[in-house]
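The next part holds the structures, each set out as structure tokens.
Heads up, the next two complexes both have chain A, just with different partners, chain B and then chain C.
So, the complex of A and B:
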């Protein structure tokens, strides 16, 4: 029993691994085309951008908030960077482009954080508002035209063809995997071992308790949203590089799907709970379904429904377990805790 | 001017001020509604002055009336669920499902038995659309009240599911076809008021009646204001929540019919921006996202305000993107002003005793662990 519980993990990571393994086995049995490097590389490639966004969403969820503005921040930062350097015929180099985008993203995230922390407004409502504002400014004043890779700075355009591993006839492993893995490890380390990371958990667990033990809630929240803005911008740049174009109309509209993946990964929507491992597994599970459902004979139109069913079953089982483990005389229990 | 003259002027001024403020305070308007009336009238006036020729054109005013109902109905559903402290992210998916149901049924019958037969069954189709909405709403209700999943997670999941099933049904393409009577309603006017708008007002009036004048409405309000007190009072939260989400589904179903009435085609991804827009409207209309406070009137006013801003921006030749900026600024500004007045009012009242703080923390904690 103890081993079983340990295998399950603190946020049901074990269950996710099991579900993924079952899917992999079923898909391998159903189709010879599944267990190939091609499928694996495709899975990695399609997981990169959602994973970066999911890490940002995870941090906000842990802190007890919900952010729906990150796709707007991502495309705003990436598009602005590419468009400006394209107009000025200036190549900031790949690293330079990432830095510019991340600074823009962090600045936008700072606005989110400042409004949320200063006025103590509901995070969903604030980020809904800033999503509209950021997207509006991008499309109305910065540009609404699609930028092809030929109009992008050469270093950014070339990064789209930088492969880590290129197996002829079996696809390739994209080079952008390296920075994404590094960032994932960094976020994991930060959440687990830094004071800042633990403060985020504390705020999400109980904001009043966090304040009383001396955590500077306002400052932590502002730092968190700036960081998440920077992370979103990083994801935006990756998506521009992978897609080999900058389209200001993309990304916005995917926010709820990303949140769903993070929730599937075991993060609590009420804060205080969630792990990087679970999030990675959640994203991989969703992408596995999106990419390969066809292989087991289910038409691709079922993708969304399948993710929906998985999400409902996941949260439903959790809720039922919680319901059963609750002590029976509910009212008495509450009276005691209140007295 | 003499000293006494200015004094009497000041006095007259003050008595006038007192009279006006007394009058204003006597008009017992719910918080959100009062604010929205001022905003709506102000914004309407601004656009009328800036570009009267285009903005006050009857065609433009009619467009406001035709454009408001679909998002208005969705925002009403959102408000209803927020009143109980929940949220319904699946509402647009429900509306699309209803539209797809009606369109598919109509097309199927007209292929099998001819168009005349299909037209004759219009009422049945419309009821089927609303029924599907109610059914999907009840699915949400079961998951929330019986299984015990929190509303935001439930509807996040069912949004994907309903939308996914709609994709499966339509194969991801836009299907066309709708009863001609429905399209007729879409263009008809009643005393130069679009019939669709009349439908919105009727639905709103009915909903207001249910919320404010029936025992069920009281239960819904109490459930959101204080779920524990509601339970102590012997209110079955299960029944209340089932009803709330079922009703929300019905409103979504009607919104789906309005989609079809405006445009005789249906698709799984119509109005994907409406989910978040509906939350914006509900909050602008004075709905407290934590439950307990919401007014139908405020939501209708907020719907109209955003429609007026939208068409005003068009009249001023501003783009949809600038409208999106305005929408965001409006939302955050209203929230900040709200928060500041709330804090000032609280500071003016008695300083918080440690007991109330403890109770508040307790409540927040319970909400979190719920």
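So, the complex of A and C:
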């Protein structure tokens, strides 16, 4: 039992690994086309952008909030960057483009953080509001046209074809994998080994206690949302590079899928719990379903339903395990009114 | 007046919340090496004053003087850096972090560490735990620990830094007698090191035992302040409430003819308690006490069907009853006011009236299965009056009430069901002395009207004041029964721990 519990991991990471393995085995048996480098590379490629977004969502969830504005920030920052430099025929270099986008994203995140921390407003409402405003400004003032890679700065356009590994006939590993892996490791390290990271957990655990223990809650929240804004912009740039186009209408509506993946990865919607490993696994699981369900004969129209079912089952199982592991206070009134 | 330089002083602090004056010009001098007792009923302004000293709230006017420097207000980190530590009544711990991290968080932040090291955190926590001679599972998440362990963790956290002012807001509510003794040992050691200590407790004997100076607050003002030797429990209580409070034994004689109401025969539950037998007579107030974990709560919970007993029998009013669930108990006429009334006994955001009617809704069913609003309104108004609940009206949300008044709402809820036996677990935890007396007055009235009342409590003086009989539970068994004049604080304490 002890070993089993250890394998399960603090946030059910072990369970996720098992589910992913089962899916891989089932899909391999169901279709010859599944267990190939091509599928694997495709999975990695399609996971890159969701993973970056998921890391941001993870940090916000741990702090006890919820953020639905990240797709808007992502596409705003990335679109603005390539649109401006394209119009000015100026190539800021790939790194420069990332820096510009991240600064824009961080500024938008700063607005989120400032409103949330200063006025202590519910994060869902604030980010729901800002995402509408950001999207509106993007379409009204920056542009609504599709930008093809030919109109982008050359360094950004070329990055779309930079492969880390290219096996003819079997697919390729995209070069953007490198910065994503680096960022993932950085977020993991920050959450685990910095006082800032631990403060995020503390705020999510009990915000009033955090204030009392001397954590500068306002400052920490503003830093967190700025960071998450920057991270969203980073994801937006990668999405533009991989897609080889910038379209203000992309990424819209992806927020719930990302939040679902993070929650599947064991993060608590009530704050205080969640891990980078779990998030990575949650994203892989959702992508595995999205990409490959069709291989085992399930029509692609069922993808969203499958993710939905998985989410409810996954969270339900976690809740049941938690219920059984500790005696819950009995709510007397509930029992009595049933009597 | 001492000429000694105070470690911390507040002068003429005023604080209002939305037009309500919580503090009206309060001054306090905390001297090094002195234990200063801050007494006052719920709502007297103690908590507000503590929050201002610790920087959680800003005063409207007044000065906070630390180390000779005067400030209009301090921030939480200013206060912590100046050596002000608070053990909050609600502990203010992080449920999702380990015990070690909770303990070390303060010093990590105070040292302005950028990186967090598990090893350093662990070492910090181990040092203080060893220093205080405690045994705690440092790797466990706090949410999995018992209330007593959480209180100890809160104490460790406050003491891990170099505290110069230590404020303890009801630090002993969840501790057993021996743990309280150990805490007092720690307090005396800190005192010898020159730490200024503020001690807040409703247990006045405890307070007089440990403090040198007493300040009493009432309605946001200092009504009395002086050397502790000049006070008795009674005089503090009088200053707190503004009237004479009787803490002497006050028990009406039980008529000889009083028939047994509840007969419990060799009740047992695996790993909790065994062979528990007693009889409760009509009109009797029976006290059950024991240390935390002795089984006192488990016995009550078995009788109420929360965690049913697995052996033995229960007879109520001559009828044998099987109690396998809460509904069985309620049907049999047993009511239970749980230990943690805030989470287990109340709908905090609902009105007082809604809470009071919650347990007896079905009895207000009129024609066509609809609730008879008029009848509910009349009963609630009657209860509201009878229990003297201090609130503008019965529509106020329960969250706005003080501890004593919230407890009255829970009691009212059960009284409305007219149970034949009412069990109350820790009815006065976090309840101030004035309300405490009134709660027992209510219970005495109910007993006089024929109800059987069981009070489970570790506040021994209150059992001595009010109970006809006291049962002492140790390690899941009833080890002693005391009646009449045998009931005394020392004797009970001895039997609890022996």
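Here is the rule we use: the second predicted complex is superposed on the first by the 324 of 339 C-alpha atoms of A that agree within 3 Å, B and C clash if a C-alpha of one lies under 4 Å from a C-alpha of the other, contacts with A are read in each partner's own complex, and residues count from 1 in each chain.
To be clear about the criterion, a contact is a pair of C-beta atoms (placed from the backbone, for glycine too) under 8 Å apart; a residue touches a chain by one contact, two chains touch by 3 or more.
In this text the structure is predicted, and so the values were computed from the model without any measurement.
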Contacts of A:304 with chain B and chain C, given as first, second, both or neither: first
First (chain B), second (chain C), both or neither touched by A:273: second
Partner chain(s) touched by A:216 [first = chain B, second = chain C, both, neither]: second
Partner chain(s) touched by A:197 [first = chain B, second = chain C, both, neither]: second
Which partner, chain B or chain C, touches more chain A residues: B
Which of chain B and chain C A:165 touches, first, second, both or neither: neither
Touched partner set for A:95, first chain B, second chain C, both or neither: neither
Which of chain B and chain C A:208 touches, first, second, both or neither: both
First, second, both or neither for A:131, with chain B first and chain C second: first
First, second, both or neither for A:119, with chain B first and chain C second: first
Set of chain A residues, in rising order, touched by both chain B and chain C: 206, 208, 271-272, 331, 338
Chain C to chain A touching residues, read off their complex: 54, 56, 76-77, 80, 86, 88, 91-97, 101, 105-106, 108-110, 113-117, 144, 157, 306, 325-327, 330-331, 336, 338, 340, 343-345, 347, 358-359, 361
Complex contact set, residues of chain A against chain C: 192-199, 201-202, 204-206, 208-216, 271-273, 326, 329-333, 335-339
Chain A residues touching chain B - in the complex, by the definition given at the top: 64, 68, 115, 119-122, 124-126, 128-140, 144, 206-208, 253, 256-257, 259-260, 263, 269-272, 299, 301-309, 311-312, 315-316, 318-320, 322-323, 331, 334, 338
Sites on chain B touched by chain A in the complex: 89, 143, 147-150, 152-154, 156-165, 167-168, 171-172, 228, 231-232, 272-273, 275-276, 279-280, 283, 289-290, 319, 321-329, 331-332, 335-336, 339-340, 361-362, 364-366, 368-369
